[in-house]
């Protein structure tokens, strides 16, 4: 799966994009966020409080309970501030 | 009718965009337009806008499609700039054409409210020497909520 | 802030007018604009607009002053054309600048509703060979009524 | 007093402007309209149904009961159709 980070999430984890292998333990967006938070460091900071984050699966807004599949594009970012 | 959606670093000319939106559409009687600018104050010198290439365009197209379903429109143009913009520069243009003004005004407001809360853009503010991410505003969420059907 | 009001036969450039409205006003974050066009259909070929020189300018200035009292605005530009205008031509521009978009949108709609019902302009329609005065629309009166305070 | 006519009122009376002497009989806009209607012809047509007309005194919207004074500018016109 391709995982993307935007705004301060990108800054905290120190990269804009990475590949994460889809496993049976990664059923949902929440599972992936927990995996990333467990890495600690910048990841721990970025994913420590999921209430501050939003996610998208395959470029559509998604909740923590959205399910994942191999090949998905998952993005994590703060609430949007456009316009 | 299809919506023109552009995410770009370059500035735009509002007059030219309205002209293009209404050309060859004699049934258009009304064009409501919104232009957002980098507002000065509190030592703000510039904004830097980031987006999610691909998703941003798709999300704006979805919002435009929703507007098209809800109001009788003859055209929509949405341009959102990204990158670093200084005080007074244009950020966003939403132009909506319709036969009648009430539809044009409502759809234009709807599009702005949804852009603010649904389209993946993020802003950093420069004040003096410091740079800080802008938090999303509860007022923007409330503005978008009012379009929800009961 | 004072309102720019122009009654003229000549066309206007929307981009230039917005530029002039917001120049040197860094506290402006939002510009809501309405452009009215001669809408085709039912064989309409042209409109001819007549006004009451003196009163029209005064009445529009009064309406703009009312908008300034009701909303926090940084600028207003109103241009209304007179004379003969063919299908697709611009008739009217209302551009309202404010720090925030809700004020700009509301004031722009208010100004259009009041222009339609209070400012002395009269329209003749040309359809095929015949010329006819346009009757005022009940919908326009209703639109203006909604701004009345209870 | 200076009396102005616009749109189809102007067309029916055949002129855009004229002077009408202020007299004690012309107390209100309604009195002036009745005087003009009594002229018959185009004036009769234009002023036959005051419900179809609007008026202004000194460039301010006014009702039929608005009072007149020497030197006033009075205008008669149909309901406005701008924008």
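Points worth noting:
Order of writing sets the labels: A, B, C and D. Residues in every chain begin at 1.
Keep in mind that, in the parts below, a residue touches a chain if its C-beta (ideal position, glycine included) is under 8 Å from a C-beta of that chain, and two chains touch if they have at least 3 such contacts.
From a predicted model like this one, the values you see are computed outputs, not experimental measurements.
Once chain C is left out, the chains joined by touching break up into A, B | D.
Listed by label, the chains that touch chain A and also chain B number zero.
Chain C and chain D have Cα centroids lying 26 Å from one another. Taking the mean of the C-alpha atoms as each chain's centre, chain A and chain C sit 48 Å apart. Chain A and chain D have Cα centroids separated by 73 Å. Within chain C, the positions touching two or more other chains are listed as 36, 112.
Residues 13-16, 18, 22, 26-41, 87-88, 99, 101-102, 104-105, 108-109, 112, 143 of chain C are the ones that touch chain B when the two sit in their complex. By the touch criterion stated above, chain C contacts chain D in their complex at residues 36, 49-52, 54-55, 58-59, 80, 91-92, 112, 115-124, 133-137, 140. Residue ranges of chain A in contact with chain B, taken from their complex: 4, 6-8, 56, 59-61, 75, 77-83.
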